[in-house]
Amino acid sequence: MGGLLGVAVLGAGHMGADHIRRLDRVTGGARVAAVADPDLARAEAAVAGIDGASSHAEVAAALDAPGVEAVLIASPGPAHEAALHEAFARGLPVLCEKPLVPDAEGALRVVEAEVRFGRRLVQVGFMRRYDAEYLRLKSLLDEGALGRPLMLHCVHRNVSSPPGFTSAMLVDSSVSHEIDAARWLLGQEPVAVSVLRPGSTGRAPEGLLDPQFVLLETDGGVLVDVEIFVNTGFGYQVRCEAVCEGGSARIGEEHGMTVTAPGRESREVPQDYLVRFADAYDRELRAWVEACRAGRVTGPSAWDGYASSATAEAGVRAQRTGTRTPVDLAPRPALYA
Amino acid sequence: MGGLLGVAVLGAGHMGADHIRRLDRVTGGARVAAVADPDLARAEAAVAGIDGASSHAEVAAALDAPGVEAVLIASPGPAHEAALHEAFARGLPVLCEKPLVPDAEGALRVVEAEVRFGRRLVQVGFMRRYDAEYLRLKSLLDEGALGRPLMLHCVHRNVSSPPGFTSAMLVDSSVSHEIDAARWLLGQEPVAVSVLRPGSTGRAPEGLLDPQFVLLETDGGVLVDVEIFVNTGFGYQVRCEAVCEGGSARIGEEHGMTVTAPGRESREVPQDYLVRFADAYDRELRAWVEACRAGRVTGPSAWDGYASSATAEAGVRAQRTGTRTPVDLAPRPALYA
Amino acid sequence: MGGLLGVAVLGAGHMGADHIRRLDRVTGGARVAAVADPDLARAEAAVAGIDGASSHAEVAAALDAPGVEAVLIASPGPAHEAALHEAFARGLPVLCEKPLVPDAEGALRVVEAEVRFGRRLVQVGFMRRYDAEYLRLKSLLDEGALGRPLMLHCVHRNVSSPPGFTSAMLVDSSVSHEIDAARWLLGQEPVAVSVLRPGSTGRAPEGLLDPQFVLLETDGGVLVDVEIFVNTGFGYQVRCEAVCEGGSARIGEEHGMTVTAPGRESREVPQDYLVRFADAYDRELRAWVEACRAGRVTGPSAWDGYASSATAEAGVRAQRTGTRTPVDLAPRPALYA
Amino acid sequence: MGGLLGVAVLGAGHMGADHIRRLDRVTGGARVAAVADPDLARAEAAVAGIDGASSHAEVAAALDAPGVEAVLIASPGPAHEAALHEAFARGLPVLCEKPLVPDAEGALRVVEAEVRFGRRLVQVGFMRRYDAEYLRLKSLLDEGALGRPLMLHCVHRNVSSPPGFTSAMLVDSSVSHEIDAARWLLGQEPVAVSVLRPGSTGRAPEGLLDPQFVLLETDGGVLVDVEIFVNTGFGYQVRCEAVCEGGSARIGEEHGMTVTAPGRESREVPQDYLVRFADAYDRELRAWVEACRAGRVTGPSAWDGYASSATAEAGVRAQRTGTRTPVDLAPRPALYA
């Protein structure tokens, strides 16, 4: 029991509350030790009924609360950088929801701080790396049975976009998942990005360019194309096909129960990423807890967070200018070799 | 052009008209030379617009019409036996729609007559043997890659039964397709049959026991189970899974276009056997015409027609008595070895 | 933390060790407080590295160990009845792996003891009720959108049978899962059972009749057919299709990644039930822990364990005699209404 | 019988021989009246055994042979233009294999000649328009149930490229099928084309850039992306997904028999377009024969042939320059309104 990892959760909104529930009821090996939210009432509500969990308005107070051994950052993106530096100051391991930091410059400062600290503290919340299908695809590519990858065809669809969603966010918030997944699956870095814009759907709010079509080129010569379509109205779908020299593999097709009703056979399409990736979130958190208890840090690194932000920024420029835009990454520190 | 096979079609109802259309417009190598139907007006309508085709009320007149070289029997089952003997008397090759003859005794008389004639004249219209998926399954089983077959699981569903359809007809009309398919796929003869009756659907007409579940045992130890359900309301489905010592293979799943609409991915379910088996009917007729032109008779034989009728008769007894009923076939003549 | 449920695990074999791992590392809300195994060394090995967990050779000692609030029985079936009565004597809630008790008579004694105790203590480990696809099928049937169920077609295949597996065990160990699933999905009790035996596979050990085909009839007129085939050599497959008056629904088809290699598209077939039902085991245990902490007992009851055993016993008689065999259940106590 | 359409087939190579077989044995309503091939021996071999068919070395001689009522052009692309003008001079209806004429300029001369003739004579051999799945997709889009199309994702894969296949031919020979299919499905014309080149497969002959990724933009704002990959080594695959405002629909997935063997479930991938599109070729030819006999011309027009060539030419320029290239079509004559 002494081994239960005490976690401070920063942010008690939608995602934070979901992680609190997971730490408390789903995942073994950890407990919620503290919750911080600028809205103190929300923090208090989040810890109700959880033995030994304190609530706070300030990040620092939560990190200093008794029993805190690790930090889970689920606050809005702009609050991440300061929270990460606070965690580094205390040497606490961190699970940081994506984006690591919204802008590439800030993300690079985090990378540099972690390099100064001297060992990894950060796992970034790219949860697709913990999805059973993505894991299977990664391992198939690594085995090399299909030969060298040449193309990735990706589809990323939502039912509808949340209020305030902008055309840039299709690239820097949504496609950032594909950017990380492509980097991870291929073990390659992006060198250029282009964005095409077909006609927009009538379902999109006024002014939102939706769908868009993003093309990434990697330093290994792989072409990654991504349909991003956030107001489909019909479902949450994430697909990926890796086309290789000796075969192809695809993931993300609907499955589960098949129903035959008059005139058709059908399968359900999930409506929400929390449904589609529920197991990935569980597995991500469990992996983090296990690593923390063993004194290790694994999974997507601060460098991955930075590279994703830098590529997304180039994508937003490509979107604005309508031209192919190079991606210039800083040199990769040895810590992330 | 001299090579176009002149065909007399007996019966100008639903099935006969469909075959006339196929001979005239779809299949090469043959032409409609004569049509007979007791309802002469129907025969006349059927030949309208077809050069060189005569119409008749009597079978004999049609068979004796100029240019007739082969006979296609598409009249009601009770008329088959007399028509077959007429064709035999003239030495004409015959494509006879199933059932060869509705009762096993009459079917055996046809077998004996063909044996006396000394060579095969009859191809029975078990068109599943010409379906691309069944052919693929047959060839896979024959190759032996999956090892010895142990079970066949079959499903046979219709949208609704035609007027006058009886509980016995679920076995002797509908399941007769599975009886023939199982005999053909396995190269084995049935030795016993049992029929179970779950609760009947409210969609079935008063008094019709629908669905039923038929179990065939073969002389090779294979168990064949058949769901027959003729008032599903939802579609025409024919599936077959062969379970073997080293693997299984299944055919008959829905395919074609996949549509994603709000909340589901779906594929169309065909509503009609003429849709599902359209290609099989084309291929069956083409194979018959090619064989006739080459002076050969191939495909399902009169013996197959007899064995199917005899098994179906045992099935109807099993259905009535609720017990496992042996199937006793006559000795197989050398002509059908 | 005070709320962590202290669990005594009885049996530290394959299944017991898996549950210990789950309680310790996967599921939140519980901890391993004690482990009992007649082989004390095995019990000791099982608790190594788990804070606060004691090891015992005797069931009673484990149940009386400090902090024990609930019991998980994962010992061999013949040991279940005594362990259940020990747990009842202490008023402890129990998760009992299937079978509740191997023979129907013993299972009925457990039912009677729980009735005397006056409230439910037992959840039986029919984990399929916690599988996502089965849950979806259950909820679809309960919604009634497909109308009244008429048939269930079930397939249950293993790669190979463990040493000592007998022909009777195909029915009373393997098919018992389908017996419970059918009772649960339909809310109906079995009234008769028949067993057919196709030719056996050459892969089966000498003397084992494998595959077999089991037919259950329910008091609601539903026919349930089950292919049980435990030496397929090719995979672990559990499928179920519910055929209803207004449509059908099927679960258990392969999914996940599709790989295209020369000449074929393929999907992996799982080789093991612990892979196929991993999530169901997790969900089952989590549901039990949550219920225990809330002072409730839910899930499959001792009555379900008894009904399954009684049906399986009738199945074994049917297998031996080759005839349709009635299932006679004791009257159902009000506690399980 | 007088109604059998007499067809002159130009070209007796691979494709010509296949059409001769189809006219003679598969399709009703037509007969081979003459065959021309510069290699007279090949023409003679092609008509062997066909009653009433003459063989010729010269196109004009074949068109003037007795009984010729229509022309099927299956000679190499560079020979098409002259043959079309010969056919026009005689007022004969033509089925011309793609490309209509390899260069857009020559294709436009054919269009102008047909316009001068005053009515349509030409059907171009874009056989995908006769494939059952494409037809279903076309009709779904036309019904409007899925709303306005926004994107088409296309995949076009071959096992290996024939000798002499060049990088330009990936666009102007292979992708020309997608160009026509997109124009037909959408009822829109291309306005720009871009070509991206991922790393090439080691399976491609020296110097061949394979795969390539082609992006078409239409005057209706639809973005069409095409993976063209002609040396996959693994199969012939043609897929198309139409993404619309209200849903998506996709065609071209593998189907047919599912085989379960140790560790996997698989379906066959066709190796050849003549297998995948066999029915489409049959249906195309049947539609042309029926139209000719009825004095009509339907199907893909000379304009479609021209527009496809002009778009492909822009694509080859885009490929060479690496930039987005406009497609400038001549004004569309009223004949093709």
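As written, the chain order gives the labels A, B, C and D, with residue 1 at the start of each chain.
The rule is simple: a residue touches a chain if its C-beta (ideal position, glycine included) is under 8 Å from a C-beta of that chain, and two chains touch if they have at least 3 such contacts.
Computed from a predicted structure; not experimentally measured.
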{"item": "Contact-richer chain pair (by C-beta pairs counted) among A-B and A-D", "value": "A-D"}
{"item": "Centroid comparison with subunit A (C-alpha atoms), farthest chain", "value": "B"}
{"item": "Averaged-CA centre spacing for the pair subunit C and subunit A, given as whole angstrom", "value": "37"}
{"item": "Subunit A and subunit D: spacing of chain centres that average the CA atoms, whole Å", "value": "44"}
{"item": "Where subunit A and subunit B are represented by their mean Cα positions, the distance between them in whole Å", "value": "58"}
{"item": "Per-residue overlap in subunit C, given as positions that touch at least 2 other chains", "value": "233-234, 246-248, 260-262, 268"}
{"item": "Touching residues (chain side subunit D, partner subunit A) in the complex", "value": "147-148, 150-151, 153, 155, 196-203, 211, 213, 215, 217, 220-223, 225, 227, 229, 232-234, 243, 245-248"}
{"item": "Interface residues, subunit A side, partner subunit C - complex", "value": "1-4, 23-29, 31, 51-52, 132-133, 136-137, 140, 146, 246-251, 253, 255-262, 268, 279, 286, 290"}
{"item": "Residues of subunit A that touch subunit B when the two form their complex", "value": "233-235, 237, 254, 260-269, 271"}
